[in-house]
Amino acid sequence: MTSRERVRAVVDARWFNRFIIGVIVVNTIGLGLETSPDLMASHGTLIHTVDMTAIGIFIVELAAKFYAYRLRFFRDPWNWFDTVVVGVALVPAGETFAVLRALRIMRALRLISQVPSMRRVVTALLSAIPGLLSILGLLLLVLYTSAVVGVQLFRDAAPDLFGDLTTSLFTLFAVMTMEGWQGIAEEVMAVYPAAWVFFIGYIVVTAFIVLNLLIAVLVSTMENQLSAERWEEDQSIEAVQHARVMEELRMLHDRLDEVQAALPRQTGSPDDLDRAEPAGDQAETTRHAVPPDTALPPTEKPDRLPEPAT
Amino acid sequence: MTSRERVRAVVDARWFNRFIIGVIVVNTIGLGLETSPDLMASHGTLIHTVDMTAIGIFIVELAAKFYAYRLRFFRDPWNWFDTVVVGVALVPAGETFAVLRALRIMRALRLISQVPSMRRVVTALLSAIPGLLSILGLLLLVLYTSAVVGVQLFRDAAPDLFGDLTTSLFTLFAVMTMEGWQGIAEEVMAVYPAAWVFFIGYIVVTAFIVLNLLIAVLVSTMENQLSAERWEEDQSIEAVQHARVMEELRMLHDRLDEVQAALPRQTGSPDDLDRAEPAGDQAETTRHAVPPDTALPPTEKPDRLPEPAT
Amino acid sequence: MTSRERVRAVVDARWFNRFIIGVIVVNTIGLGLETSPDLMASHGTLIHTVDMTAIGIFIVELAAKFYAYRLRFFRDPWNWFDTVVVGVALVPAGETFAVLRALRIMRALRLISQVPSMRRVVTALLSAIPGLLSILGLLLLVLYTSAVVGVQLFRDAAPDLFGDLTTSLFTLFAVMTMEGWQGIAEEVMAVYPAAWVFFIGYIVVTAFIVLNLLIAVLVSTMENQLSAERWEEDQSIEAVQHARVMEELRMLHDRLDEVQAALPRQTGSPDDLDRAEPAGDQAETTRHAVPPDTALPPTEKPDRLPEPAT
Amino acid sequence: MTSRERVRAVVDARWFNRFIIGVIVVNTIGLGLETSPDLMASHGTLIHTVDMTAIGIFIVELAAKFYAYRLRFFRDPWNWFDTVVVGVALVPAGETFAVLRALRIMRALRLISQVPSMRRVVTALLSAIPGLLSILGLLLLVLYTSAVVGVQLFRDAAPDLFGDLTTSLFTLFAVMTMEGWQGIAEEVMAVYPAAWVFFIGYIVVTAFIVLNLLIAVLVSTMENQLSAERWEEDQSIEAVQHARVMEELRMLHDRLDEVQAALPRQTGSPDDLDRAEPAGDQAETTRHAVPPDTALPPTEKPDRLPEPAT
């Protein structure tokens, strides 16, 4: 057992995973406490020490994983995620990097990559996105088109809402979430009374598209979860029933073999002329429509389950 | 190959479709930039030239398609859509046509007709509408009826909200989206304290109808997508199993033919009296409940799939 | 054909139904126009005449239906609805009955009882309600309990929101629709900073219950619509396959009858001892596990379809 | 019949359950009336007496149940709930226990434990929670992480919204419910114009997670309700069909027994060499692929229904 194998055994161990999860939780709480100036004044040193220790452990952890798996380490996108999130902590965070300093809390999101059940949930969420791209594109196209129309028509009526394209996009995103849309519409309608056509049309169209986006997510989720399981169960019982019927039919063939063997031999019967089969067991397989071995066995069923398109 | 055929080959080519999509994207970005007075002051000529070029390309494109397909061009509703959207650009857009000028951005929606996946999404959305007409009609009826009641009861209490039928319709549409309904209700309840009955009743009823509208869309979508696929898969395995059982039963008939042929002939058996069938192979088809050719073949299954009512 | 039969033929005729729908539409538009003081000043007499004529037609219509069907008229709840809605117009509507006068527009809702597709939609909506009573009761219980707690805890902090039980119920209904809840919570939290526990707890619990109410409607609707249809289709193909297998098996029995009849008679065979059946056709039905008549026929299938619990 | 058995018969009786429900309803209404100072001034003594009597009845009820079931009383979590809810009434409720006094209305929630249909609904709601823990955890993680980022970035821009971690959590919970998010975003964007990235990103991510939470509830509910019922029905018809086919095949075996018995005996047939079975009825079971007793009987089906994972 080389040192690489020993390191790999450690980083793959369950206790190691739990230890890292514990460090992430402690670090996450610590970063939350850092937001309190009072606590920072009284226990700042302790909180900083905990943060530094956590970062140190994470660096050792990732280095160990990289040592254990070498370039295969980068095949797992979650490892990329972990590396970037930990790497953010190492950037010198001055005033100019206030955002980067704020992003240190992203380390809390390492919980997603380390807790298996959350990892599964996020993977499932992300896997739904490709199937939504067309309808998301449509939504963005409607948003953009409406924003351009909004600027051109309502720029003078409500410059704070439709003054330029960015403002107009933000305003119409708010209208799409139905947030304060009535106030927005009334401000514009004070100048252009017919503007309700634009707003109600926009709300109805985007609500309908968003609804269908929602349904697309639902259908994709149900295809993956509900149906597959239930259907499998369904099919396996049917497969057992089918196998029994086939077995019974096979037995009937055997019985007929016996009957034929017991019959007084006759030459010149119409069947024998064009078949001329050997009697008895040897004939059995040729007379079966489906040889016993190729009959759909229940144990092979799962392989034939449809892979639902995502 | 006539010139018409050559033109058709061009307008049907994949590269032509992609080129047009590219022109639409450039034109869409350009129309967005046009909303910025600063950019128009510095690069106005360039932006206008791009717009003019794009319109020119669209006119040539549509003319080519019309030349290639002649009157069949108008059979595709998307071609109508493209023609109208491009035609809007040709209308002289003065001050009196500010709306028409704003609608030039509708050309961005040509992306829908040109990108196949978006076209499918929009076609699917539109195909859901006929099944929703009854429930949409019910929603409009409740909205209209409530608006008339609103004017008659609350006109004096809140003239800005229920002054006339149009205002009342707009106010109640806002209440239906749950936007600012509490402020609206409180303004009326300051005069008529019992008005909460109207508002809560209206919210509960419309929310229930909208919810069912949502479910109607969902059911229609799932009927089209999820079920059909899964069901088809389901049926095809069952069809294979059924075909095997039928084949085995047919084999048993053949075996019995052989048994009968092997038996010593007897006259006067009860069966022969009322059936008097010819023996052997000729009898086979008449004795089969289902002739082999008419047995439900798996390959014909898709035709029998239920067409879900939209 | 008595006069009663002739009247019934008229009120059941399609043209009569369409005529009444036309009168309702005209009357509905008229009642909408009545909300405009300007129009009433200029065309008041005409609008009133149209209204009176419509009421007259409705009274004649209902009288004719009552004459045609006598007491059976009251078996259809929609006839009750029509009678009440038309009856409201006959109540002398002075100042004291302003609400009743406003309710005249309810006649527009007669469209629901007269247009078959809307009638179906409303019947379907109402049929979903019984299955929702438990969860609706739970929602009301949570609302009431929270309202009592709200009064007792926050009466002093926000008398306009939680001053008495009615106000508190209204406020918490608004919070349940998520409308302006943040402003409400902040007004209370200004006095009791810990009140966020109450509001967030209440929002999470009611949102979860409302979500399940929504799902209960969805499940009930899908049980009624989607599944039944698809399932029926599913079953009918399976039933056809099953019928074919059974038919084939019955044929095999017939063939064996012939085989047995053709065999040289033997006395004392083990089977004959304990069965002693008559040979041939007479024996056939007793040897069948299922007599042909009782075999599940496809045409009887719909009766056996499960009635989904609503 | 001991006194314990007699007490148990009483507390398990339907009339007792209905009596307790009646007392809860009266008590609930009384606690609602207590919120009105006017009513308390005029009928305070009566209302207090009703409350005291109800508490007395509840104490006797719970004591009787405890006497009847002894320690098994505590096995039912609903009994714990009832005991705690009644126990709250006995705590001396001074000014310092204003919250406890307000919680007396929780006794209304005893309706849930006493009305069977509400008990089922609540049990179903609670049973959905374990399956949601991963996605709820993800939601809380995103909320917490965003709140920390919010404090660090926007503390100076909007101290009333992002001043400390608790305020930031509350603000972002409000944004998640889409309540007043535009006003919040605009307050921050007045200082940091790029803050829209944070708000729109947060809204899109949480809306997507909440949507999937909703779908997870939906899928879990449908698995429990819709599918199980329909599937059972589905399977039972298939099981009946399967049983009929199997019965027919068994009959065919019996017929072949008779045929073989009727045949002239021959020695040395290929089959007899390796089987050497006794003829007739004794052979029947051994020749059956499936002995009749083990054939899937319809009545045993429910046991084999899949238990949907919650």
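Residue numbering begins at 1 within each chain, and the chains themselves are lettered A, B, C and D in the order written.
As a working rule, a residue touches a chain if its C-beta (ideal position, glycine included) is under 8 Å from a C-beta of that chain, and two chains touch if they have at least 3 such contacts.
Quantities reported herein were computed from a predicted structural model and do not represent experimental measurements.
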> Can we say the copies chain C and chain D touch using the same residue numbers, with more than half in common, or are the two sides different?
Replying inline: different
> Rotation angle for the CA superposition of chain A on chain D, to the nearest 5°?
Replying inline: 90
>> Using mean CA coordinates as chain centres, what's the gap between chain B and chain C in Å?
In response: 26
>> For chain B versus chain D, what separation do you get between their C-alpha means, in angstrom?
In response: 37
> Counting only residues that touch at least 2 other chains, which ones in chain C make the list?
Replying inline: 178-180, 218, 222, 234, 238, 245, 249-250, 252, 256, 259, 263-264
>> With touch defined as at the start, can you tell me which chain A residues reach chain D in the complex?
In response: 28, 31-32, 35-36, 98-99, 101-103, 105-106, 108-109, 111-112, 115, 117-118, 120-122, 124-125, 128, 170, 173-174, 177-180, 214, 217-218, 221-222, 225-226, 229-230, 233-234, 237-238, 240-241, 244-245, 247-252, 254-259, 261-264, 279-281
> Inside the complex, what are the residues of chain C that reach chain D?
Replying inline: 133-135, 137-138, 141, 144-145, 148-149, 151-153, 155, 164-165, 168, 178-183, 196, 200, 203, 208-209, 211-212, 215-216, 218-219, 222-223, 227, 231, 234-235, 238-239, 242, 245-246, 249-250, 252-253, 256, 259-260, 263-266, 269-272, 274, 287-290, 295-296, 304, 306, 308-309
